[in-house]
């Protein structure tokens, strides 16, 4: 059965990563997956949170938000509601964890990499696009440190990308758009390394629980999607940087 | 290799659910898993959130918090920090989703079931204990509605329990205590139904990614743990209520 | 006239203090007065607030809160309302002041004793139970400092307990339960030392003012109640510690 | 022993109440007790809080704050600290309770009287000055309702005034200024009616507990102070209104 | 003297307005002035704030924010600081006022137009770019209402654009970039209509006051800049809509 | 055409500045312009904000607020609304900027002058009265530093005053009261030095844009108003201090 936008069940949407999207941050990309658009930026700060002071270790942290104009109905700003919504907090914690899992925190001194993922337009899969895009922005920030001679090598040992999978009308689908996501019986976000290992699996039976068989099928689809994304990431980063990460 | 508290790798900790623990809520239990203690309460309110008004549907929502005295180092109250921490929000969203996935929201009128999970003492696995315990408190609240003749049957079609699994020192372990959790390379929370279906899988490679093989082993351990918990839940609820749920 | 629960007008409710109730804090008790249950914990921190730095003095401070499941109607969490309610603030200030009035702040170095009083179940008199219970938790924390050789003696010169009194249907009653408190014309909380001196008197003519005569009668009842509580406190702390405090 | 400002131990400070101090509120006074200056205003709103809707009852509520320039060291605004401080909350609850205790809430329809007490200059005794001053502002607001024919009589059955007493250098003193208050061993605030009944007694042994004898002496001093204040209040309100209240 | 980017003193930067930039809002543009980039969106809501209910009038309101990655040093999110900064509030009030001054609030029913201006990249003049861009987004939202037959004509009687002017190194400059703005002795923002009337003038002698002569020169430069911007706006909106506004 | 209060179009209201209004601050005045009354205070703190530490420079900052009783309808406190309103923030930023523009920040060491402007009664023009009054309070605080020998001269080189002007019923008016302000088509606040230079011009076409001609007329009126205010300021400060500032 053809999908809303004509894709096959195991295709990701057209994905485009624009590097050096902004002038101020140390790394910045615009990632577009279909109509979903997220700006991911990285700033380097020469300081770490209290719990890491004098440990020689650095830190990577992420924040996630959506512009009011990014959603179908205007999204009320967190600052107006007086607090960040739970969903955004959950997502930014996921992004931070995912990036940190492949970073050698002892490899770039007592510095913090501040990642910001701001959704310009939402059409499903914003958190997974944010992971995939912010990986590139983070690598670019590390490259900058390396160019300045402040670190010897990029302290990252794998590529990281993420994709959503789900069960919609009894079909297993890769990279759900919003319309599909809304109707998904099962919804899963998968974050992987290019070594085909899992960093995070978050699966939810939104309306109904799911079986071990369904789980296996979804994980396979997720692997397929991440593989496609790693190709795009490697092209953007170029051969030298890509080889450095892969051989780390 | 024996575990800190002498358990085998596939044993849950001593688990005790005390029903009717408090006098005011419509359902209330104290669940103890080893040294972890959580009070789970349910209040019925004859009102639903705005998005459900006039739909005939009810709602189940959960809140989670830890007492200042529950943790090794005193936990600063959310109200003093000015906001709920991200972890607590994430957990309470998980509890709410898990319970709702087995509830027929059309089966108890325009009512809200307010679940509260307050950790009295934390020693790992507080979120999974909260899911397992609040399932009982919720059923008790529904039973009360039924006794009053306000609903005909308990609008729940499966039991729900949850347990953590993880990889510690290359070993797969069931139901991690805090000491084990701290050292876990992979950490996974599994929420299941008594039909052996998954409601939620949240797996994180805290320090390093994990393979498909590791994932399979952990899922098996999780199933084993939930099975043990279902037995305890069924004993507490008694034959009649248990059968009603299982046959729904 | 017999009271709701059969007590005489000058009886306190069945009171039970469970010591070492939790594993993490430096002192922790569960105090039960009738159906009112409060967890009181004490944590020692090797630091004082700014205004005491480099004075050689320590500090004792208290926080008070109620679990959502502790009250007849679910109590909304402070963190959800965005701020602590005025009543809780007032109560925790009272607890802090009451404890500090018998503590030699110069007797335990630049340390802070963090007291937390969390109401598990409320049936009137939660603030007075919190004072009585937290006194024990505080002494236990000081004992721990003494055992470790960090202080030579417990820096406390009197026992402290508290009780409520009130006028209900023209009768003077000791230790009001919620039902009585709701109907009280006059409501008074009394905090005393075992030397029969007052630490705090807070009397309010809720619905109507009260005369000097009524005041005298209530103060007498309060003394009686505190005397009963001192006995229980001394039993819990044991002879050695009790004598040390009484002879200080 | 003469006091700082030459008063005898049982004298209140020079007290002046300026009526109709502001043009916008329904009642407004500036009360000056020595160097302490508080603006007290009353606004009538034709609406009650939720819990009183459709009960036919009205409500009286109070807020209290201090201007940044009112204190020796600049007082940081509540809005900058993000919340009202505990002391202010405690005081405004006291003011509200004190006024309500003499008001017939059924006597002025479903209206709210909003009292605001803003300290322009603080030199001790701001909370008691606020009670004494806001009583006048409240009566003026009720008079306005009466003049408009919206109520038949002022729904208040007693005068209310308040004063502080304390023990300083072993002496019992009436109406403490800040310098005295700072050094007080015992500090007590007394709110009374002109029928010599107590509305509130709040006594604190700041540094040391106090005996029954000390309490008696302080209560006598407090009575003397309130008597002096009632005279001033009656002069301001004039014979007609005063008689109406006294004969209610 | 040539400017940093080679412009003459009376030139605006390269300005580009991309219409229909996002899919969800009722109007949305990306406005770029040199390196400054702002997304301006408009959402129509069928509801007005309380003070306009049942008046037949509509409302136009604006919010302004900057992405963390938009500034030289990462900008901390308002939601993390717990409140919107004063500068953002001031700017969004300016945008709202500016747009409302040319809108007939009685001409589009009881609806609210929510304008959002989010700065993607900041290089000076973000507030004036936001005014100029959001004017287009607002007109597009009104056009949508007209196309749907909900209003007969666009209820706007003039074009609105805005530009900054300033005195830098004794030279009067039009449309300051950040580098120039930082060094400006006088800084002025001018909002005008295409009838050459002023909507807002906000001039500040940042470091030193300015004379009447300087003011006149700056106002002339501002007029020149706005004229240039009206041309661009009219091109984007097309002849028909432009004529409708100009002839209103 | 005579104005509401009988003034000519180019008259300011009766203006009275009471110096040394409060005992605690380092400078304090009550400024009354017609029925508008604002307390302006200055406190000296021996500390500067982070961005000025170790620069040898001082800082002047201002806060503005209105008492609940100052407005026609009771003004809800910022602390109750959870945040300062946008208008107050805008005004306090204006006051701070205006004062700083004539202060030599290097002339009084690393100190902060905290200005507080609290409106006791509002009848239009509170922000301009706040600027005019706080200038005096600031000078008094500097005089105190000078008297103590901590600075050699008052580090201020001009007088600062402010006034509002506007167009009401086609007439240009000076110093608008609230009733006039409400009906003003154009509303402008002007802050000037006694050298007849502008510090701030904030003009808004509230309902309709304004022409260059109107602007010129309003600026002339504003100059006239400020001139009148400088006379009053100089009288209050006395010859010596006035000469010192004028000759700086």
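Order of writing sets the labels: A, B, C, D, E and F. Residues in every chain begin at 1.
By our rule, a residue touches a chain if its C-beta (ideal position, glycine included) is under 8 Å from a C-beta of that chain, and two chains touch if they have at least 3 such contacts.
From a predicted model like this one, the values you see are computed outputs, not experimental measurements.
Any chain touching chain E that also touches chain F would appear here, but none does. Touch-path distance (fewest steps) from chain A to chain D is 3.
Here chain D and chain F face each other with the same set of residues for the most part; over half of the interface numbers are shared between them. Inter-chain centre distance (chain D to chain E, centres taken as mean C-alpha positions): 51 Å.
One finds 29 Å separating the Cα centroids of chain C and chain D. Rounded to a whole number, the gap between the C-alpha centres of chain B and chain F is 60 angstrom. Touching of two or more other chains is recorded for residues 82-84 of chain E. In terms of which chains touch, the assembly is arranged as a closed ring, every chain touching its two neighbours and no others. All the chains close into one ring, and from chain A toward chain B their sequence is A, B, C, D, F, E. On the chain C side of its complex with chain B, the touching residues are 22-25, 28, 35, 39, 41, 43, 45, 63, 65, 67-74, 77-80, 82-84, 114, 116, 118, 120-123.
Within the complex, the chain E residues that touch chain F are 83-84, 86-87, 89-90, 92-93, 97, 101-102, 158, 188, 192-193, 195-212, 215, 219.
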